[in-house]
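Provided herewith is a single structure, encoded as structure tokens, for subsequent inquiry.
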Amino acid sequence: MFYHIKELQYQAKPSKPDPIYAKKLQEVLGGQFGEISVMMQYLFQGFNCRAEEKYRDLLLDIGTEEIAHVEMLATMISRLLDNAPIGDQEAAYASNPALAAIMGGMNPQHAIVSGLGAMPADSVGNRWTADYIIGSGNLIADFRANLNAESQGRLQVARLYNMTDDPSVRDMLAFLLARDTAHQNQWIAAIAELEAAEGDVVVPTTFPRELEKQAVSYDLYNFSRGEESSKGRWAQGPAPDGRGTFKYVSQPVPYASKPKLMPAPPYIFNTPPMMK
Amino acid sequence: MFYHIKELQYQAKPSKPDPIYAKKLQEVLGGQFGEISVMMQYLFQGFNCRAEEKYRDLLLDIGTEEIAHVEMLATMISRLLDNAPIGDQEAAYASNPALAAIMGGMNPQHAIVSGLGAMPADSVGNRWTADYIIGSGNLIADFRANLNAESQGRLQVARLYNMTDDPSVRDMLAFLLARDTAHQNQWIAAIAELEAAEGDVVVPTTFPRELEKQAVSYDLYNFSRGEESSKGRWAQGPAPDGRGTFKYVSQPVPYASKPKLMPAPPYIFNTPPMMK
Amino acid sequence: MFYHIKELQYQAKPSKPDPIYAKKLQEVLGGQFGEISVMMQYLFQGFNCRAEEKYRDLLLDIGTEEIAHVEMLATMISRLLDNAPIGDQEAAYASNPALAAIMGGMNPQHAIVSGLGAMPADSVGNRWTADYIIGSGNLIADFRANLNAESQGRLQVARLYNMTDDPSVRDMLAFLLARDTAHQNQWIAAIAELEAAEGDVVVPTTFPRELEKQAVSYDLYNFSRGEESSKGRWAQGPAPDGRGTFKYVSQPVPYASKPKLMPAPPYIFNTPPMMK
Amino acid sequence: MFYHIKELQYQAKPSKPDPIYAKKLQEVLGGQFGEISVMMQYLFQGFNCRAEEKYRDLLLDIGTEEIAHVEMLATMISRLLDNAPIGDQEAAYASNPALAAIMGGMNPQHAIVSGLGAMPADSVGNRWTADYIIGSGNLIADFRANLNAESQGRLQVARLYNMTDDPSVRDMLAFLLARDTAHQNQWIAAIAELEAAEGDVVVPTTFPRELEKQAVSYDLYNFSRGEESSKGRWAQGPAPDGRGTFKYVSQPVPYASKPKLMPAPPYIFNTPPMMK
Amino acid sequence: MFYHIKELQYQAKPSKPDPIYAKKLQEVLGGQFGEISVMMQYLFQGFNCRAEEKYRDLLLDIGTEEIAHVEMLATMISRLLDNAPIGDQEAAYASNPALAAIMGGMNPQHAIVSGLGAMPADSVGNRWTADYIIGSGNLIADFRANLNAESQGRLQVARLYNMTDDPSVRDMLAFLLARDTAHQNQWIAAIAELEAAEGDVVVPTTFPRELEKQAVSYDLYNFSRGEESSKGRWAQGPAPDGRGTFKYVSQPVPYASKPKLMPAPPYIFNTPPMMK
Amino acid sequence: MFYHIKELQYQAKPSKPDPIYAKKLQEVLGGQFGEISVMMQYLFQGFNCRAEEKYRDLLLDIGTEEIAHVEMLATMISRLLDNAPIGDQEAAYASNPALAAIMGGMNPQHAIVSGLGAMPADSVGNRWTADYIIGSGNLIADFRANLNAESQGRLQVARLYNMTDDPSVRDMLAFLLARDTAHQNQWIAAIAELEAAEGDVVVPTTFPRELEKQAVSYDLYNFSRGEESSKGRWAQGPAPDGRGTFKYVSQPVPYASKPKLMPAPPYIFNTPPMMK
């Protein structure tokens, strides 16, 4: 069960309105790796957690924090939309065509749909979808998803940081960057702990290795001509799981012959077999 | 540019048809972490790669292999759909209601839409969408996405392995499991190499740390009551990035006061300020 | 069955082309609360109607009118796209960078995809989806959905009215505003009639109240700190259904203990229980 | 900012596993009118609220409660998925084909994707999308959306109540039904208060009525042959807004002539005008 | 503008309820090539038509007929859902597990969401989306889209015809099959007329051929090993446009060298160039 | 199985960066009729092909070529994004507001999400979805889909050709236009060959014509007032299938009476029948 307090985790007040930037900032609120994604991903992983209590608690600690990040970004976006010159545009635009053009860069739904409010959408208006998230019940897998989300998320915030010169906006982004630093470190630590406990780095660790086709478990196939990829750590030496050695296969060949599918039965009305 | 040969990378022929299993197997073809996802993710990361040539080559090596996995799974699904008792159902079903019921579990689109062919969709029929994939241009971030995809993907294949007893289907899944083992190892190795080269594990490593709010870069906030999460490696000791120490904050408090948004201008037609 | 006449229900001819406004106007054609939404929602509610004939007739009266509104908006948008300076842009733009910039604000799909025609999409290009609509078979519920759609729709038209100064466009919007006024009034009247006939305002009225947990049927829980919400009509006095009294619960507490989920069976390959 | 406690707002433990019902129950978790929808809708309306503080507080009170409902449903679904006979199916199914068939009715993603966990999806597997929700900044409009959501939601819970005979599941649904009763009453009360304060029922109330085409503001057009719809309250007498009288128009005619669109310019490559 | 009459274009009453078939029949109502798709595609092409009046009239003739097909299918589906044994399932299922299993094959949303009504969705529950349709303004292109839609649609109806033995359902499908026959013939005739008038079969016919890279305008590249494709009409002889001759290229080679992308600027935070 | 070479099929290097055009060019990469669509459509049709080997080979020849087109467009888009003035915008924009405005027309996700790389999305940012493609197993139907895709695709490329004056971009588009010319011709030839072999043009040709309602198989119903559509080839004379004669029906009437749906059972909680 949840409780809310009205205070924000961190300040979310720009120095001045900027509807164009409001549109861009939507990416880290409602985009693929925005705050809604991490909030929903961690909460669902936490609610569904069948493992040790400390993992559930960790997921719900961070997932609950992310709701507050959604709140901060929504608040910042609403304020960036203050005083957008929409209603009196004719006058303003007549005397200032460049302004008209710049305003053309704002998201029209911020005026028409949300009434100068933040939207659960990304920077081009795609609505948030649960296609973005995962909770599989396997925590190494899921924490790798989480680490990915925090990595992509921090990257996007860093890019957005350099797209504004508003010190107050940058201040809030600096807070989010730091929290993403924390969360990347935490998921890395949690993954390491789980890998050590399970004794393997290949997910799922509990599927018996002898059931897989082990002859190809460490091959790198050179399907793209040129052997540059043979020069990486991934193509030679012991594999990170400690159970095999990478092998670079310069000229990969197929293991099976060419397939021939049966005709479909007549009631399917596919193309009929042709008479000769 | 690409070339195709008709041979399959590995056999994809079931011992007997099984339309119900065909429906389930769609998950690892056209689902969130199916072969279409890794194929498209790696190819786009490769095509867009602005880094050293060996990374581009690696991405295109594996991305090209994944097209072959799409081909294998599509072939297997088509064959699992052979001889589905659809057209003559009345006779069969009258004498065997359990059969009727079981056939009710197949995906109706396999008969109505694809004519007993595989579909670019998951096990419940959601069409594949590029919402599932990412290519950010930052390779540590993207390789973490790739490691996540291979982890979730191998997990799903392992689950599917145990949902059939057809030895030929299991044989093909055993091949895919091994390839996922290889790819997990390879992405882990590539990530390690990049982290070492860039000198940090926090993405993006090139954003100046002094610009983030470093006071909170290693905190874990206890937003979910109960202190179980304090017992993990993520809550104490040095952080994996080697630049700070985790700190568990038992009673987190907000850093900002409660926000108050300005009224919208009249031409937005939001709820008007009320008269007292 | 339907018949079409070529005449428009109301004029849909702008005084001059305006491709930027064409993009914005798409919102009330193909957006969440655009004319396609009300058309499809009312027609499906009408086709599926199992209640008294007069409700089916009402739904099909208004649903059929909405097809004409789709037609009017499509026509207006096509005409707003006339003479867009796309093909000869280099010359025009070289001499007039502000014009170039403004044209950058038009929807590129209006030129590339639809050939200067209206699209079944919103103002940022999201395609219309049946996710937007509902027909439940319960008419109070559905008429509330309809009232909501007309309210959001009229709000969006009002906002768009102030974003143009073309008197002919405004004239058409004035017509749509009036029809939305009519439809809001009509759904309000229909809801009132049904509530009176069914003797309750809580949907569905036929589910036996004694089966619900009546102890909590009128509580307002103060889950967000601060008691401002206690000052509304919704927190005190008799509830609108006439069967209970609102109760403000200042410090809400949980009714259940903390859940503990069972481990998944091994063949699911979730995180395994750890050895101590 | 938010805090979480581990206790559930209400019990969420079935008397026995039931994977088929778990699939159905997803509808009120992740469907169009499920708990994720109300949670996200109320939180966004609250975060964006520019009106009096008591409305923001009300939205955040109820929105925060809905997160707890998401948690309860997720927990219930996870437990309904316990012991699903997936891994050992061959043995069980061989001796019991009806069981095999019934299990065919579960959502395969509950086994393959989520590892026996709840998903942010509806009862047929469509992922939750923000297409379902609205926050316009106009509170009468938005509270009508909320009333609709609670109406459709309670209707769906009532239907699900009758699709199980598990007393523990029914007990939780009885709690949700009661909360939906409370929320329907609360939104009705809030709407009434706002309508009274703003002095009109037609949203937005602040758009000047004289700017709309008032001649058609109370007409009901008989576009579907048959005059049954003339017999409702919506076709005669004073309109609910108190500013006009409904008028039934038996034979509606168009107000405008037939449109003729200009040819597109050549660089658009539409069908060229034909020579005679 | 549109008028509706209550009579159906053709009977839509099954001999007996069949909720399983109702689920399947949704495909040709709300699927990719269902009646909603052709209705919306033809209406939008008609509303946007900038060509000769007879094309607009043709599109609106057929588009208006398709609304009636949506109505017929919605009606049929509602009736197939009559008497579904949902509410009293425990008793019925206890005595008849096969029945329970069969009912497990119905779409749960037909009971939970639509209240035994048709839905704007396909046979697996994907909501209809305007992603399915096109209106480009180029009529040869669009009529090819229409011919495709009628071809896929008639194919699906034919498959569904053989999946039921209800003579009344088959009777309605026989009507739809005939109308699809008519529409396929009509689009073929219209395409032929336009191709003759424009003097070419390659869309758009008005783009100057000399601007394209004519050296490769008739090549078939053998990118998939094996020369079976050289045996078709498409690989030899004069091309249908009468302007060139097909040429089979057995060993296609690239025309360009390998690309090398520039590094991104630092403020994008992509992977940095490595030091040697 | 597939092999990749690094060389591009054709040059993909612009004369100068142009981030605005990069946004537009996305349409033919990741839009409804972009290269991803034809690649995926042909590959799936090929993998699923149950007909003669030459069709499978044709599909895989062209499908494999299309992967190379995806590669070319992705490369071109990445290069058009070079040197976008994002990071140093304040300085540049202060001195040049028109530039600021023009840059406002680029897709913000090209900077924030993809790090100056191409995206699997269209020109307004909608992610690619398999909703766009079809593979039915009936080759006449599917080749009509392919002909449509090549027609819409070439049309869009032609429009884009006129929206740039960069000779290098135009050169690549000239190559794509030529390949689309080839593919349109090839699908036309393949369709003609199949129609001849199957002896009919109405898909599916194998459904017995006597089972359809042949009385209406050649009617054109005048559902949109005005008889312009009677003047086309589609309304008179022999139908293209050679089995009937078109008939123009000036005043179409319904064949069935008005439907009346039964009330739903009480446990569905629809609107109850009213007492009189």
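Letters A, B, C, D, E and F mark the chains in the order given here, with residues in each chain numbered from 1 onward.
The rule we apply is simple: contacts are C-beta pairs under 8 Å (C-beta built on N, C-alpha and C of every residue); 3 or more make two chains touch, one makes a residue touch a chain.
In UniProt terms the chains read A, B, C, D, E, F = Manganese catalase family protein.
Keep in mind that this is a model prediction, so the values were computed, not measured.
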item	value
Numbering shared by both copies at the chain D-chain A contact, with half separating same from different	same
Chain D and chain E: spacing of chain centres that average the CA atoms, whole Å	28
Centroid distance [mean C-alpha coordinates] between chain C and chain B, Å	32
Cα-centroid distance, chain A relative to chain B, in whole angstrom	11
Junction residues of chain C - those touching two or more other chains	1-9, 32, 48, 50, 53, 55, 57, 60-61, 63-65, 68, 75, 78, 86-87, 98, 101-102, 104-105, 111, 113, 115-116, 124-127, 129, 131, 134, 136-138, 140, 155, 158-159, 162, 204, 207, 223-224, 226, 254, 261-262, 264, 266-270
Topology of the chain contact graph, where touching chains are joined (line, ring, star, complete, other)	complete
Chain B partner contacts - residues on chain F that touch it in the complex	1-9, 30, 36, 40, 43-44, 47-48, 50, 57, 60-61, 63-64, 67-68, 70-71, 74-75, 78, 113-121, 127-131, 133-138
Residue numbers on chain B that touch chain A, as the complex places them	5-13, 32-33, 46, 53-58, 60-65, 75, 78-79, 82-83, 86-88, 111, 115-116, 129, 131-132, 134, 136, 138, 140-141, 144-145, 147-148, 151-152, 154-156, 158, 161, 170-171, 174-175, 177-182, 184-190, 192-193, 201-204, 207, 209, 211-224, 226-229, 231-235, 239-241, 244, 246, 252, 254-259, 261-262, 264-270
For the chain D and chain E complex, residues of the former touching the latter	20, 23-24, 27, 31-32, 98-99, 101-102, 104-105, 122-126, 155-156, 159-160, 162-163, 165, 223-226, 254, 260-264, 266, 268-274
Complex interface listing, chain D residues touching chain B	1-6, 48-53, 55, 86-87, 89-90, 97-98, 100-102, 104-105, 107-109, 111-113, 115, 124-127, 136-140, 194, 197-198, 204-207
Chain F-facing residues of chain D, complex	155, 158-159, 162, 267-269
